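Heads up: the structure comes next, in structure tokens.
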Amino acid sequence: MADEKPKTNITSIAPGKIRVKGYDIAELMGRKSFAEVVYLILKGELPTEAEGRMMDAILTSSIDHGITPPSSLAARIIMSGGNPLNAAVAGGILTIGESHGGAIEQCARYLQEYTGRDGEPGLVAKDLLRDLSLKKIRIPGFGHRLHNVDPRTVRLFRMADELRFSGKHQRLAKEVEAAFKKDGKDLPINVDGAIAAVISDMGFDWRLGKGFFIISRTVGLVAHAYEERIRQKPMRNFGVIEHEYDGPEAREL
Amino acid sequence: MADEKPKTNITSIAPGKIRVKGYDIAELMGRKSFAEVVYLILKGELPTEAEGRMMDAILTSSIDHGITPPSSLAARIIMSGGNPLNAAVAGGILTIGESHGGAIEQCARYLQEYTGRDGEPGLVAKDLLRDLSLKKIRIPGFGHRLHNVDPRTVRLFRMADELRFSGKHQRLAKEVEAAFKKDGKDLPINVDGAIAAVISDMGFDWRLGKGFFIISRTVGLVAHAYEERIRQKPMRNFGVIEHEYDGPEAREL
Amino acid sequence: MADEKPKTNITSIAPGKIRVKGYDIAELMGRKSFAEVVYLILKGELPTEAEGRMMDAILTSSIDHGITPPSSLAARIIMSGGNPLNAAVAGGILTIGESHGGAIEQCARYLQEYTGRDGEPGLVAKDLLRDLSLKKIRIPGFGHRLHNVDPRTVRLFRMADELRFSGKHQRLAKEVEAAFKKDGKDLPINVDGAIAAVISDMGFDWRLGKGFFIISRTVGLVAHAYEERIRQKPMRNFGVIEHEYDGPEAREL
Amino acid sequence: MADEKPKTNITSIAPGKIRVKGYDIAELMGRKSFAEVVYLILKGELPTEAEGRMMDAILTSSIDHGITPPSSLAARIIMSGGNPLNAAVAGGILTIGESHGGAIEQCARYLQEYTGRDGEPGLVAKDLLRDLSLKKIRIPGFGHRLHNVDPRTVRLFRMADELRFSGKHQRLAKEVEAAFKKDGKDLPINVDGAIAAVISDMGFDWRLGKGFFIISRTVGLVAHAYEERIRQKPMRNFGVIEHEYDGPEAREL
């Protein structure tokens, strides 16, 4: 038996009755959008209409990025090995680490820590960059290998502005971008950084940062695993035949 | 290099431009709900308003079922072992097999195969049950260990009715339930069966069945993994201390 | 609380005492080889010296196959995304499905089922191939994309011969190969098929077939994930940039 | 195409020839034990006889710890959900995080860092404990919830002594234990700490620490997943029905 009864504040279950954060799930169905219920389950309260729309946009922003990201690739490779859909999606989610999607969590953490400090946002941004520089950490959420201006970032910030969610975290993020520019570095806020700033201004704990990406990208992973299943042969070549062996030469026992 | 260039019809990527099924992702953000974009990516076209609302309800229906299902438990155990959020969620998704969530896929498969047959739905239902009985397969999507009347099933069918998605797959599913009842078996359509019937009537391939459950439940898994992290001690007892060892007695080498 | 106490016959635990299949683990350490203890835990009894040597050879045979198999690739992609070693190895193991490593399980299943039949091995082999042909199943464990003569197969069969483990399953497998040859098909027994035949002759349940591959290949996966970590940059290109998008053309909302 | 050809020094593959660290795999089979080939692949060179025996003991030490550890539990839950063996084992491996098995890696890291310092081992041990205390980190690899004297630890150290692998890392680990004792803390070196010290004295990189545990425990996970499949019903109760919901009370939309 467990040490003590574990506690949960998410969902209560009784025969014929399922309540998510106190609300009857059958009532939520049809009256609240999926994104609103995602907000409810992560935040504990139902969103305002504006919060709900922002949530829709955030979840849509990371829904897919094509066939090349590590997550799509891993999901396809697992499907190609002859496995069920859930194994493929799980493998895709496993790739979402510090260097892929994890930036949301880390960026939100820094933004939440440093906005707690006194001082002008511009000065706080400099403090943040100096502190990270001393630790030899590059701030996550800035720069993108492909998109110079990320259309998702632009859209998220414009919506946040219109819906009145532009707060101190977005301000700090923009000051960081400006500080980079002043130093001649072209490291614009990327979509991870934008999500980090917006969810921070909406009051979400940074520890949930990667969760937004996971919830969103799972949809793309289902689509890629499904496409692999219906359009490709099992065990196809994933393109890494060309490599170089530089280990020990042939030798005898 | 790969045998040939792999093809994908999901998302096209170019610097500064991401198009999901042809639509600019920045345009979708803020103008379409997340559930509508999920529909788009799985079906290839944007939903009507009614289809979008149905999608919201389906995705909400499986969002969480508390702390006890295998998926919640696995996600919490992995988090408890000191792992990142993505590993915990991936482990939760791994549990979603033939006996947990997989019923949607299998049930949708039977419904889609048998609605292709000629004859009265009542007779087709009998054929289906007889065929499965010969193969000693219990039809998935019927019966629930806890909920005698599942409120989610009732709600899904009522919405499908109001929104005019009640088609031949739901009819067949109800005939199966009726056939069970006539035989004195209390095996009502459960939420997996209801989703299977509704997505089949909406025109989704049964191979995507488990995908709906995965997309929906991932949200609950993020919530459980997060709650485990912030409310529980690492490596807590998950309640299986009491067990019986019935292997070989102590013996010497 | 659980319905009833679960039972296990693998390992008994008490303070200061761990017994695997009845043997004190501290006694096994240093007196039995790892492969012998693997045999013990999977079979329930310690192996003879010959069985132990065969086990060493089987586990060595699948330990690694370089950088290109799906399992190595998935493990490296996950490591590259910035994840811990266990997530990378888990992802590699997820690829080991019906089309990659899973052949051992399926091949062993057919060999174990058909050796139970009466008749000359040559005739049984024909029955097996005819039955599978009717079901449009290609027998797993035969043919290899790269190795025409697989050196591991040759070695396993020679050792099985010397150590007196050549039994009816290996005979049937060789008859299947011969039947293919007679039909002009070059489908030699591959390493999966050889392992399937040898473990069947050693008395292992076919349901453990994939387990041998998993135990063995996990070693290679640790090596690949580790090499990725220490020799490669995070988020490197895994070689699938070149692909073709053939979905809907750009369109407006 | 990839940025450049990736390099690997593990295994070279050519038609009919597989070489692990330069050695023909068919030659290794039957002439070297599995544990010796594990050593080869992780270290780059074949072990001496003593190193091979030590390797056998290390890999045997963590092979299984019964039905209760997070890894066994997760593997069984996934199997119980109706999934293939590889998914169950992968889920078990996912649990092996910082708080379960991960201690080997972290403990080996500290031992390798601090043995590089000048000074008496006893003083270095005090430095190490003081440094970790300042960072509020409890040193991993010491203390066990169940075994006061862990028989595996005793055995590993005795073998290391007999086989002449007792070096500075084991000395430092013992000084740490002694320092705890002097402070009235009963935190004996546990099996993770013992493995960490021994593999460090054998010259393995601490980054491989978790790898030893993964390779070893994978065997137990195969056994547990298999036992779950053949001895238990799908979707059985894993014993966490009793819990407390302490979230929002029932409320209306």
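Chains: A, B, C and D, in written order; residue numbering restarts at 1 for each.
The criterion applied here is as follows: a residue touches a chain if its C-beta (ideal position, glycine included) is under 8 Å from a C-beta of that chain, and two chains touch if they have at least 3 such contacts.
In this text the structure is predicted, and so the values were computed from the model without any measurement.
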Same-residue or different-residue interface between subunit A and subunit C, half as cut-off: same
Whole-Å gap between the CA centroids of subunit A and subunit D: 30
Rounded Å distance between subunit B and subunit D, as computed from the means of their C-alpha atoms: 36
Numbers and ranges of subunit D residues touching at least 2 other chains: 1-2, 6-12, 24, 28, 32, 66-68, 83-84, 86-87, 90-91, 94-97, 101-102, 238-243, 245
Pairwise touch network: line, ring, star, complete, or other: complete
Subunit A to subunit B touching residues, read off their complex: 1-3, 6-13, 15-18, 20, 24-26, 28-30, 32-35, 37-38, 41-42, 53, 55-57, 59-61, 63-68, 84-87, 89-91, 93-97, 101-102, 105, 146-152, 154-156, 159, 205, 207-208, 210-211, 214-216, 218-220, 222-224, 226-227, 229-232, 236-239, 241-242
Partner subunit D, residues of subunit A touching it in the complex: 1-2, 5-12, 19, 21-24, 27-28, 31-32, 44, 46, 83-84, 86-87, 90, 94, 239-240, 242-253
Partner subunit D, residues of subunit B touching it in the complex: 1, 66-68, 70-71, 73-74, 77-78, 80-83, 87-88, 90-91, 94-102, 234-235, 238-243, 245
